[in-house]
Structures are given as structure tokens and as C-alpha cells.
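Each in C-alpha cells, the structures are laid out below.
Common to both upcoming complexes is subunit A, partnered first by subunit B, then by subunit C.
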Partner chain A sequence: MKGTFTMKTGRGIAILLAAAATVPLVLAGADRPSIAAVPASHADEASTVRRITEPQYRRAITDIFGADIKVVGRFEPDLRVDGLLAVGTSAVSITSGGLEQYETIARNIAEQVVAPDHRASLIGCTPAAADPAGSACAGQVFDRLGLRMLRRPLAPAERAALVATTLESARALGDFHAGLAAALTGLLTSPDFLFRIDRPGAPEQGRRMVDGWSKASRLSFFLWNAPPDEMLLAAAAKGELDRPEARARLVATMIASPRFADGVRAFFSDFLHLDDIDLLAKDARIYPAFSSAVAADAREQTLRTITDLLVDRQGDYRDLFTTRRIAMNRTLGPLYDVPVAERGWTFHQFPDGDPRAGLFTQISFLAQHSHPGRTSPTLRGKAIQEILLCETIPAPPANVNFAVVQDVDNPTLKTTRARLQAHLDDEECASCHKLTDPMGLALEKFDGAGQFRTTEHGEAIDTTGSFADTHFDGAAALGRLFQRNPQPIDCLVQSTWRYAMGRRLAAFDKPVVARLNADFAGTGYRMVDLIRAIALSPQFYEYEPASPPARMAGWPALATKGAM
Partner chain B sequence: MAQDFSRRGFMLKGILGGASVTLGLPILDAMLNENGTAFAATLGGAPLPVRFGTWFWGCGMIPARFEPKSDGANYDLPPQLAPIEPVRQHVSVLTGFDVMLDGKGNLPHISGNTAARTGAPADTWQAIEGPTFDMLIADQIGGGSYFRSLELSADGNPRTSHSFRNGSSMNATIPSAAELYQRIFGPDFRDPNAASFTPDPKFIVRRSVLSGVSEQRAALLARVGSADRARLDQYFTSVREMEGKLALQLQKPPPAEACVRPDAPAPLRASADLTDFETRKANHKLMAELLAMALACNQTRAFNMNFSTAASDLRTAGDTTGYHQTTHEELIDRSVGYQRVVDSFAVRNMEAWAEFVAAMAAIREGDGSLLDNMLIVAHSDVSYAKNHDVAGIPVMLAGRAGGKVKPGLHVRGAGEPITRVGLTAQQLMGVPVDSWGTDAMRTNRPINEIIA
Partner chain C sequence: MRRTIGRAALARPLQLAALPIAAIALTGASGPTGGDPHQRAFVLSNIYFAAAPEDGVCQPIAAGALESFLASLSADEQAALSAPGKRAELEKLMGERLGFRRMALRAGNSGGRSASARLPADLAPGATPTPEQVRAIARLNDFPKGRGALAFQNHVIAYDSCTNPEDFPQLAKGYRTYDGATAFGMNLDDKAGRAGFTGPDGESGVDNQLWRAIGCVAAFRESGNPATAKGTMFSARAPTLIAISGIDDPRNDSDVTVTVMASADAITKNAVGGALARATFDADPDPALRATTRGRIVDGVLTTDPFDIRLNYKEQILDAPRILKGARIRATLQDDGGIEGGFYGYYTLASFYSSIEQMTVNGANLSRVSCPGVRQAIDKLADGYRDPRTGRFTAISSALGFFGVAAFVNDGAQAAR
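Our next item is the complex of A and B:
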């Protein structure tokens, strides 16, 4: 737990499996694919191909065709690599089952776009008398849509192919609009839509750069989690993205846009693994207050709390660990024991001294890193270590005797802490549990659904521990220690960089990440400034950086969050 | 980027030229897979197609309560195997087949199932090298049907899958009966027993559109590095496969005697707790019956069914402690010598397996049943879950594979590698392979006892 580039490597593969008292059930997902590393062969060169994520796909459709057009279907799951789905985008392809889904989704979208109620606004032309097949109309449609969908202008041959497909299909189906839908389906299924494929551009100061269109995509997906809009595409067409000062003006405009909050939400959703909440299940008899609606709102609560602090109020990232101001609604109120008068979302301020303060005391964190029927200090501690400190926790040994530590009805070991303590008497267990459990135990006054409690089996719960050689008592106190510690900052900066680049850290990233770290401190740890600094870095636009990203010793090589 | 429309143009002319659709060459072309072998050689011919599938459950068993004492036919059924009594004549039990860790660490609930599926234990699924053996078989036999393979999970999670092309390419599962129904018997379904057949021009157009996508392949692959090229190539292979599937839709399908389009299942209640054992079993049974009909209707010849995750996600609603936790924390009851609760969970896994086999056997086909024309390999991630033991991971086979397999036997592996199972299955399904597995797990010895 030292500086930016001295992360613990551990055994590399960081799947804490049946580690501790409370881990085992989660092993449920032990072989979930969202875990760890891709083969070494994939890690040895900088990818120039990223698959767009499901939220990005959905956003593209809404941006281009409007919110009336529904995206219906199941997407191929995104893959978490090095703790981020964004990094996984440069490892995944599309399987045959996945392609079938993309094609089905695409046809459904295309049929809606050409449907009579949308065609006037979305197609905007019909075959003219002089051109009964509709060649000119199809050409107009694809001139407009091609640019938006492929995020670059169509090549003449591509345009011709789309027009030809439209006309041939229209003849086969006896309907011009059905023909358009067919060609549109092809566009939506094409590699240049489903993947972001970098194209090389002119060098800048000796650096190989991507072209203006690829720059527009990098900026847009990073800052907005969306494809480039017309403003950005126009700027790319004029070559503005190739000039640093014009780029800076565009970045300022983009950060000032309301869409910037979407980009920040997308980053934190990925960074904090909030997508996993969709699969969160709690035992309805043990936690009757918890439901899938609570889970979805708990994620929304965290994201609203974050954008309020970091975007609307341009706040200090470190305050996320201590903030008493939290988004709230009527669904969540009962679990927080907070009365909510308003309909919809509002903000609640916990009083000084309240046990709820900071990210660690939010239900999205507490419930996600628990079992269906009980808490898990080990899972919670592991999540803190891996997600927020970028540490790697090795897997547990295979043959562990869990009997004592997990007997919840043990008459003498009534609390989870007492049962876990038994683990620390075993040297092999202790080496990892010393890393995870103390922080997790600090959160024990919140049950598996994130509700406050003071006792477990009639015993008072002890939430004392130490972090970075400092003693603390309780989740709020742990949050205050995080607020003052450099490691969560280092972890955030390198994670934001990896998110922006969609790949693992490489040796050549070291100078830029070090500079970003220094700048972040210099601007008072404002998230907005970190994102701006990345967007203004020439390295952000580099095409296949010069030296291959060999894995550096001492770096977090593989997984962060395990499958639990 | 020059575009060549000749192939698509030709296809479309078939339908544009007149009322009747005569699509000679392009369809023949589509019938050829990457190896140039004909897709549909056995479909519609005399022999019934032989199907292959896997069935996975997590948390293994308790050896003394599971492993038969007697060998060969008419093996005894210890308590955990008691549920398979009604289907015993169809099921072979393979015990004592091991994962050789070969100096590697035993990653709990990972080493065992990666080894059984890929022939070498790996630390994560992302670290595996090659395809899982079910994919090698699906590549061999899956081409002639609409779905090359169907991946299913009864737990509601599309990420619960043990079928991988490589470490970053998992075959996501269909996680619900309603979704399975929609995929198989939805708008693309053509009843093989329908009296008349008219090719739908929509399929021609869809295929033509995908051909246009395929044409971008060469130019794109030339632009990217080797790892990206492999990824894009996989994407284009998926596109080609889809073209092949759509071409199949233009041919009159051969009749399938047992094929009856079933009613759509009711969607699962939003509050249904699929981690609860009984709810899971009910969902699994529904999916098994739909799968059986999908097979009978020749919609696929390969499948992977996941009953639970590795390390089993199952539990009993209302209990703080789930199955997997229980395997580690329940004390052995000294009066009986085993973990009582774990034992009861293990029995329920086998109830689900027996229901799965029965669903396949229930469909009449030819002189026998659908099951007679199948080979199913069932296995878990560990043997004795309490210790994450990967020696003697339980394996069961079901079906006669069209007469190629002798069912109903107990075979002991005596510490031989579990890769013998994967090798045997591949050879039975026609994969040209004489040895399989890595390092200590490499084997060239199929399990001859079960081969007819």
C-alpha cells in the first residue's frame, strides 16, 4: 500500500475464492467471466479495436433516432478485465450467439425507424417520380445516418453498397422502406458500428496520433459515454481536433454540457462495479425490505450522490468517503430509517455523528458485497482493497477448514468478528484476511441489505480496526482515514486513465499517470479537473503507442474484483 | 473500399426473376462450412442426427454417499444417486477420474471445471488457452441446424457458462425458459412437419445484408494488429455462421417426427428466487423440456445446460447459509459420518439431473427415444466440496449416441485423467482427434468400456 506504481502483485490472479468466513456463497459466481485476465498474447499489444458497450449502443440509438426507438434484446455480456468493463472492451469479440442477438436487435430498430409513424422525421424523403426506385432518397439517408452511426463519413463505395442493398432488398420485398430497413440493419450489424476501430492520423510533435474522427470518438465516449454528436463531428470535419487549442475549447464545451454528468456516471458505474447490482438477490425472508427496486435505486442513489458532489458542486473526490449528503427517495428511505416526504429524488443530510457517512455506508456498496442472507466482512474488505485501493487479493488455499469460522449458531462465537478472528489464528488464512477483514469489520453495523444494526445475536458489534497504522472505530471513521490517505487517490487516477484508454496500464503510461496524479493534487482533487487533464493529454489520442505495453512488475497485473 | 456485389446480386436475382424461387448455387455455397464439408448431410437422410450436450452442477458430492460399490451394468445406487433410479439404464457413472494439478495451485471451483472442459487446469476462465471440448464438438456437428449450439443456464444469469471459445470469448447463456422459447420457437421457427414450404424472401434479404458485412473482412483485418485481427476474425466468423443459418431457412427442412411446437411458457414471477433449490429445479425442468423439443425439431445438435454455478449458488429460501457455505462450515455428524445438510443438497442436484435425462427420454424418435440419439456429459467442479477436491470429479454420461455408446455402466477411472472423458466424447461425435489435454492431463485413451 505505498505509492502509485507499487501495487501489490500477489499471485496475479486475484480471485479470492472461499477465503473467509463469509465468502463461500458468493463463490456462486466463482467462474463468472467478469473476473480477471485475458491471455498474455492479448496483453502484449495496444488494441485499436474496442467493442461498444451495451449502454453506449443504447445511447447511440437514442442520440441518432430519438428516445421513441426502443432497443429490445439481450446483449452479449461485457467483460470485466483489471476491474473495469472498459478495459474488457479491448479483449472481447462477438460470438455467434451474440451476433444473432445483435442482428435481431438491429432489425427491430430498423423496422421502427422506417415505420410509418417515424419515417417522416427519421427518413425524410421518398422515392421521387423521376427516381422511382428511390436511389437518391437512399443516398441522402445514408449520407446523414452513415456519419452518425459509423462516427466518420462513409467512403463512396460504402455509400454505394448501402444504396445498392436498399434497392435490391426493396425489389425483393416489394417495399422501398423495407429495403431501407434491410440496409440499416446491415449498418447496425457492421464492425464499424459495433466496434470502435481506430484509424491513424497525422502525427503531432513526433507522436503517432489517431485521426480526427477517432479523436472525436475517444473524447465523446470518455466524456459523455456516447458517440460523437453533430458538433463534434463537424469539428472533426474541419480538422479542429488536430489542433490542441481548438481541442481544449471543445473539451471545455463538452464538460460544460449536461451530458458530462452521464460520462461521470458511466465511469463510476464501471469503477464501482455498479452494473453487478442487476444480479443482486437477497433472501426475502431474512431481508424483507430489500427488493430488486431497492437494488436499482441504491445504484441510482450512489450515482446521484456522486454527480451532485463531483459534477454539480465540482467537489473534491476525497469527500466521497465522508459525505453526509446523500440522494434519497421513498423506496430507500425505510432502509436508511429516513422519512422521505417528497416524491422522486431528493437530498438528505445525515447529522454529524450519524453512523452513515460516505460511500462505504451506502446500500449499493454494503448490500452488493454481502451474501444473500448475511454480511461478509471479507467480501466488503476485499471490495475496498481491490476497487478503491487497486490492490490484489490472492486466492485462498483450497483446503481450508471453515467449520469454526462459519458456524453462525456457535454458542461462544456469536458475532461475525469472533468467528473471523478464528481465521487469524491460522497463518495461511491470516496473510490475506489481515488485508480484507479489518476494513470489512468496520462496516458490520450494517447488515447484508445495508440496514443499520447495533447487535448480532444479542452481542454488541465491535467495529474497531486500524488502517494505515491508525486506529478507528466504525465506517464513518474509516471513511475519514480514506479521505486523508494517498492510495485511494492513486487508485482513482490510474483507474480513470485505464477507463479512458480502454486497456491495461503499460510501462509507457507511467509518466502521464504520474503527471495526472500531481495535477490532481494541485487542483484540489476535483474529478472534473482530472477528466479534463486526461482529455487534454496528447497521450490520450495516441495511435498504437510506441513501445508495447509489457506488463510491469509491481503493477496490478490482473484482476481486481473477483467473482464474489 | 471496393465492393463486390456479385454474390449478393446473384442471390437476389433468384427471387427477383420470377414467382418461384430457385436458389441453386448460393444456397449450396451456404451449406458448406469453413471446412468445406456439407452442412446438412445427415439431416433428412436415413440416420437420425446424433446430438451432444453437457450438464453442469456445482459443489460435487460426498464420495462415500455417491460412488457405486459395484462396477459395470446394474451398478448399485448409493443414497446421493438414488434419484437417478428411473433413468439408471440410460446413465453411466464415471468415478475416480482426476484433475492433475501438475504443480499448479488448486483454485477452488475453477481448477476442476477448467481442467474438465479444456484439458488443463487454469487459474481463471480468462486464462484458458483453447476452446472447451463442447465447442470442438459443436464445431464438428452443429453446422446443419439453425443454432450451432444452445447455451442455457437455469439460474437466470447469462454469465453462468462453462463454454468458451477462448479466455475472452464466453458463450453467454440463455437464462430463462421464456427467452429460450422465443429464440427457438419465435418468429424464425419453421415447422419441419408443415405441409407446404415457401421460402420467405425476408431470409434471403437478411442473408444478403450479412454478406455485405462479410465483404468488409479483408480490408478491416489488414488494418489491425494480430490480437485485434483474431478478435475481428471471430466476429466475421460469427457473421458467416449467421449467413449459413439464414440459408438453411430457405430449404424445406426434413420432417422431424417428434417435433411439435410447444406452448410458450409463462414468464417467471419477478419475485421468484432462483437461488432457492425448488424454484431452480422447476425452472430447470421447464428449460429441459423446451430444449428436448428444440432438439427433436432439429433446431440444434449441441447444447450446454448449467443447473447451478461452480461452487453452487443454490440455497434454501430463508436460510442464512447457502449450499456452498454449508459444504465448508457444516460439521460432520459423527453419528452418521457425513455432513447431513450437504448430503441433502447433493441429492437434490441428482433429482434435477434425473429430470433432465427423463425429459430427453420422454421424446419418441425412430424406434427409441431422443436420448438414444444423444450423448450427454454431466460433471461438476469438484468431487468432495468440503476440501475443493479435484480428484475424482463426478462425471455421468447419458444416451446411446445413436448406438455408439453402451449406457448404464459404472466405470472407475482409478486416478486416470478426466481428459479421457473429453477425448471420448469428441471421438464419439466425430472430431478427428487422437489425443487431448495438456501436460500431465494429456491422454490418447478413450474410455473403451462405454463404447459400443
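Our next item is the complex of A and C:
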């Protein structure tokens, strides 16, 4: 029988063996949008389950195996819930197609790890003469990798199953390292790797808390957007994460690490919907200076500007709405119409009085919340309301007539403001547009690609409006109003909390969010202090039981499809 | 950042001392949207021989080398080789009959390094040969004595009617010069002699003997059509920058400073294939590739005083600087930030012949040019900068049109690094 296997078929069966041995799966009920996938031994204790995101997956592979190991393949798209992908991570499933994708990626990674050029550094042992099957070597590998990959120690049964699978696969494939790759593939597609699964730990001051390993994961994914490193895992093993004072020291160390900027970038990328810019396309005839390179760099520009202000200079979050200091490179310089002295990234300071100031005047915001060939005060205003003020704007009715707004060459309605005004003659439309358009119209001196202009079809552009009963003229003035208004602060605090917890805001969150809000004001609105306050909050580590998931014996079948 | 650039400028005291006014510097990292309103800069996307919009001239067009060669063949051979599909065969025969040589020096050319090439021991692989080495290579490979030149971006040593046009006068037989009355250009000598043209806008006394010499060559006429030239990016690899500083009124200013520089950066294309406007370019630190003069803007048209300029000309197969003496710029500053106009001055014969030498006769367009015809015509029509020793003119009046888009110039960044 062994001799009849093709290599591919043999590997598929070996991977199936690995998956079946290690990851009996439980799935959420069909009426829930999520999969709660946990090892059987922990199923009854399952709490919030969050699928790791693509950047987190990639970070994990780099951290565990090194940057040489390439992650090649497509991931299932993340889901934005309540404005955040982080919230969506606890509401996403893995489809059978998605599992196939994960399996393909995992197999490729595993093959690289056991390849001759990486074997010495990443495997570190070979079957000894006394143990020709390699049982001891396989055990060593999984002792080391199991902790890093599952972010908790392997249970003895899990270890034994992985070793057994390695040996069985090696026999089927006639090669120890091929067997190891099959078992590694199974580990990489196991729910314990692909999902963050909280487990209950010892109570603290009457609160039911997650265990130390789960605390390590919560901290690490929140502060670094990465799985726990060896320092954190060691702290978890020693029980340090169960002691508030030791936790505080670890949090301070993590915030001082260069990796903290990665965590801040991940939050703002999610909060500001910057991942959406990957799909951004513009009409080349109308905006010839815009390209996919511009879009990618526009996102990087915003993230660099944010980390410069909030991390490197420990600045006031509110200044994000008014800052004239912005990251810049030569790809973006033409759209900002500014010179760029350096060939790489640098910082550009717009002088006082310049129309460019603050987040609203950055291309990542202006271009993303526009149509391919024209601006959209409505989309821009909606983005401000929903993203930065945490308001909800209803979707337009299905039968709405956009003809007037879309007629950009209308000889009498030359400006977008004029066309929108005509559209607002419809009372049904006006009710929502009055919420969005005034703020969006403040940005009209920036075209659909984010380039400055003063006229539209030869007519001067009017950027006046009012926010919070205060008159403004232009994007910079609107930014100044945001800087002084409490609502963007409230929105940021509760968004950061929801990001940290990976779920919607609940009624029981109100006291902690209120306290965080007050503390944020007390520390001068420093983002670092807000994140630190969350990381030190006992509520951040509370165990929150999920609904009991329905057990489903579907994993081996899915794995079969994926592996074959 | 201003300080950094200031230091960079100070690092080049000799270079700056040679200029009448300090060269323009980058507005700086604290510049506003749109840059400093007292400065404007441009990157030129195309510099070309501007063809006069005149009908009914150049009939028939000047014969190219290949046509002249064909005409020299017997009637039977002409019948056998005159079809367009026989062009490659005809080129091969011309090379064989006239003793053309062509030898690739390094890999990267079609065919790679010529297998039979014998190279001097002191020529490092991949290096561009020195003039002495070129002569040595020619000797080692049995080129006619004292003949042969580098061509095709210095990847080839060739001997043909472009490298040595004086050896092939027979290929100038069907050549003709431009006999029209209209040409682009300026009155460079303030005279209105018989040789002068009338400009397309009626200006009299236009000096453009280069167009007189080459204006009936099909290849130059086609690329020189302004409508064609505007949509062509032909100076992308090593573009030229023009910077105007000291602007008080963008429409009318009696005194501005104009600097022409070579860029160290290529042009980036925008999403529709044109030159990306408002990009930043580092100025080439080579002082030979920089010149400054004064100018004035009248109703949005810039005109400069005469100055000597050296323009990079690195396109396709060519790497031959254009050297213009007594050149002026006259150009329209456009509302969209672009520029359209020309360099009008005396193109040195040496630099023009250098570009001709590098052409060789191979290639669909190139074989339509008779280098001997061009050379003879220019020798005859040259009208500028007489060599007091020989009594011969060393330059020829010319008009190089250009199109450009708005740009930022980082002048001194190279020195800073």
C-alpha cells in the first residue's frame, strides 16, 4: 500500500492524520456567524474566540521561523464589524475554501521549514542511530515549536499525537522530514494556531480572569499585534502575568519596545479603515498622478505620521486633527505639490496658513472616501461621522436618484456643493445628508485624489459649514474644531477598548470606558497612556464565557478536502 | 532642511562662484502646498528639432543612406532589393559592399559580445573603452586605419557612414537641404540676412541653419512635428531641468534668474504615460551640466539672455551631450505649471557630430538618415563661432523645441549626501 502512494497523495493523508490527531473541532451553531474552534479538551471552557488576522499570521511565522520563511497564498478576507476588523475577528468563520487556502499556505511554510537550507537552524536535530524513526527529535521539535505556535504549552497527549503523526507520516512518505512537515502543516492549520482562544484562570480580586497564557496573548496582540514572544511566554509560565505589579512591569517593557509602534500602527490601520485603500482605484484620465503605489504610500504616510506624533513624540491625540507635520516621500510629493528633499521617507512641515493640516487633509482619507472620478462630500462626511465620531449613518434608500449629483458637467451646477444642494431638495435625502455633507464639503478644496484646488469648473469652491454649532471655513478649520471637541475623544477611547477586547461595546463596559476617558484627559490625551491604561485594567483580562458551541465532527472531513 | 541644503550649497563654492547668481535651491521641507511662489521649475519631457509647419517643401524628401545605396546598384539589383521587405537584405549588402564593421564589446547587446572580438588586455570587462583603447580595439580587429568609433551607448565599435561619413560621400548623393522659408528659432545675431527664416509667428531674421541642413530628413521631420513631439517622452532617462527664481509676478517680471540643469533622476510616468508633474528631481552635481543666466517674463513668456549650455542627451542608443553656445530660452509659462518653448542657440558641430557618429546606420529609422549628407550640409551651412585659427565655423544656429511639466528641484542634495 505504501508503495502505491504518490507523494502528493501521501502527504495529504499524512496531513489529515496530523489534523485528526490534534484538532478535533467544535463549530458554532449555524445561526451564529462565528466558528468557535477549540481543542476538545478545552471546549467546555471556551471563551471569546478570535481568528488571527493576516498580518498577525505573517508576524507569527516571521517570529517563530524567521524572515526567510515566506508566507505565500491568499487569506480569507477579514470582516469589519461595528467599524473594526478586530471586532470582526470574533465573528468570522473559516469556510471550506478558506481552510484549503490555510492548508496550502501551511504546507508551503512547513516544506520551507524542513528544507535542507533551513533544517539545521529550525529543526535542530535528526533521528539518532538509537532512534532511527526520529521519535526523540520530533518530540524536541514540538516541545519548542508547540509553545510558540499555540501560545501555550502542548498537553502531553497533544505532544504524543504530534510525534505519532510525524512517525506515521514519515513511514508513509519514506522520509522523516516529510513526516515532520506533515505534522507541522497540521499544527499550522489547527484552530489553536488560527484562533485566539481564551481560557479561564485564577480569580483576581473577585474577578474571573483568563489564564496566564491567554493574558500573554491578549497583551501581545493588543500592544504588538503579534503573538507572545519568549519573554511573555516565560512570564506566563512563571505566573507573573497573574500579579498586577509584575504585569505593569511587563507592560512598561512592551511599550518601550520598538514593536509597540507596530501595535499602534495596527490599531490605527483598523480604526481608520486604512486596509481598504488596497482596493482603491482612480480614473487615470482624471487623476493621472494617482496610482496603486500612491495608494499604498498614502496609507504608510498616515501611519508614519501617527506613530511619529503619538509614539515617538508621545504627543496629544487631538493634534492629529491639526498637525502640519506629515510623513512624505517622492511618490506622494507630486499629489501634495510639495518638494521632497530626501529619496526615502522624511517629514514635511506645512507652514501656518497652508490649507493642509491634520488627518482630514491626508490623501489616505481624501482619496479613499471619494469616487473614482470625483469627490464625495457625502462619503467623506459619512467617514468622519462613523469612523471618528462613532456615529451611525443609515444607508441610502434603494430608489434614491443620484442623477443630479453625478452630473459633474452640469453647466449651471458647477460645484459639488451646488449639485448636492439640488439633490437635497428631496426631503427624504436631506435628512441624512445634513449629517454628512457639511463636514464633507469642508474638504472640497481637495479633489478625488486628494490634490489641492481652489476652483471647480472655474467657480470658487465654498468650504464653509458648521460643526457643533460653530462656523468653520475649510479643512484646517474643521480640524481645529475637532481638536477641541470631546466627541472624537470619546470615540477613540471606546474604539480602542473595542479593539483590545475584540467585541462590541457592552453595557457593562461603560464604567471602564468612562474611567479610561477620564484618565486619557488627565494624561494630556497621550495615546501611549490610553493603551497602557487598558493593558493595566483588570477588565482587560476578565474571562467572558461565550455561548456553548455546538460540537461538530467536521474537522477531519474539512481537512481531507483541504489536504487532498 | 533649509540649513542642510544651505550647507550643501556652501560645499560647492567653486561651482557657485562660476554662476552669476546662486543657483536655485529646493524650497525646503517646510515649503507650502505649491512650493515657493517666487520660484518655478520644470522637467523637460522632450527636447526635439522643431519642424516648421510648412506645406509643399522637401518634395522629394532627402534620401537616406540606404536609398542612396540602392540607387547606386544595377537595375537588376534595384529590382530585386527595392521592396520594403528586402530592407534588411539591402542593409546587409550595403555593409558588405562598403566595408562597414560593427563589433559588440559586451553582453547585453543583441547577439552579445562578438565572438571574434579581440580586446586589449587593459580593458576591464564591461568597462567603456577610453579613446586610446578604442583605437587599440580598431587596430586589433583590423578596422581601416584610424577609423571606427563607439556607438550604441558605447556598447559597440562601428565603422560605417555615420562613424566616418567622410569615407562614404557616395551616400550623400540623394541628400537635399531644406529650402522652405519658415522655421522655428530666434534671430540670434540681430541681423536679417538672406539666410534667415521667418518664424511661424512672423518673426523675421530667424537663425536656424541646422534646420536648413537637416529639415528634409524624414526622421527629423517626423519627430520634430510639435503635435507628435508633445505626446512623446524622449528625454526621460536623463532629463533637463529649468528653474526660474526671483519671480515677483508670474506673468510679467523684468528680472528673473534662470538655471538649466541636468537631472540625476529619470522622469516618472503618470498613469496615462505622460511625465508626472510636480515630482522632485535631484540636480546633477556636475557643474558642466549647469548654467545660469538672467531673463524676463512678458505676458507669461520667458526670454533669457544668451548663455552657453550643455544638455544631457541620453536616449535609446545615444549618449552625446548637446552643447549650445549663445543660447537663449524663449518659452511660454503655462497656467497648469508646464512650459513650452525652445532653446535657440549655436549647436557646436563637435557635439552634433558626436551624436551622428553614435547612430550608426542600423535600424529602421537610422538607415533613413544619410550621415554623409547631414555632415556635408552642416559643414557647408555652419554659421556660428568661427575658429580664428582655421577660419571655419564651429557651431550652427539651431532651434531645439521642448515641452516640460512642473517640477521641484533639489539642488545640492547630492553634495549633502
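Here is the rule we use: the second predicted complex is superposed on the first by the 494 of 564 C-alpha atoms of A that agree within 3 Å, B and C clash if a C-alpha of one lies under 4 Å from a C-alpha of the other, contacts with A are read in each partner's own complex, and residues count from 1 in each chain.
The rule is simple: a residue touches a chain if its C-beta (ideal position, glycine included) is under 8 Å from a C-beta of that chain, and two chains touch if they have at least 3 such contacts.
The shown structure was predicted, so the numbers you read here are calculated from the model rather than taken from an experiment.
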{"item": "Subunit B versus subunit C as contact partner of A:290, first or second or both or neither", "value": "second"}
{"item": "First, second, both or neither for A:52, with subunit B first and subunit C second", "value": "neither"}
{"item": "First, second, both or neither for A:160, with subunit B first and subunit C second", "value": "first"}
{"item": "Touching partner for A:531 - first (subunit B), second (subunit C), both, neither", "value": "neither"}
{"item": "Subunit B versus subunit C as contact partner of A:452, first or second or both or neither", "value": "second"}
{"item": "First, second, both or neither for A:357, with subunit B first and subunit C second", "value": "neither"}
{"item": "Which superposed partner A:337 touches (first subunit B, second subunit C, both, neither)", "value": "second"}
{"item": "Touching both subunit B and subunit C, residues of subunit A", "value": "284-285, 291"}
{"item": "Touching residues (chain side subunit C, partner subunit A) in the complex", "value": "1, 4-5, 26-35, 270-272, 274, 276-280, 282, 408-410, 413"}
{"item": "Subunit A residues within the subunit B interface of the complex", "value": "11-13, 15, 17-18, 24-25, 27-39, 41-42, 44-49, 74, 76-77, 79, 81, 88, 91-100, 103, 107, 155, 157-158, 160-161, 164-165, 168-169, 171-173, 178, 182-183, 185-186, 189-192, 194-195, 197, 199, 279, 281, 283-286, 291-292, 371-374, 395-396, 398-400, 402-403, 405-408, 544, 558-559"}
{"item": "Interfacial residue positions of subunit A with respect to subunit C in the complex", "value": "282, 284-285, 287-291, 328, 330, 333-343, 346-351, 353-356, 452"}
{"item": "Subunit B residues within the subunit A interface of the complex", "value": "1-3, 5, 8-9, 12, 15-16, 105-111, 113-114, 123-129, 148-149, 151, 156-162, 164-172, 179, 201-202, 204-206, 208-210, 212-213, 215-216, 220, 223-228, 230-232, 234-239, 241-242, 245, 270-271, 273-275, 309-313, 315, 317-322, 324-325, 327-331, 381, 387-388"}
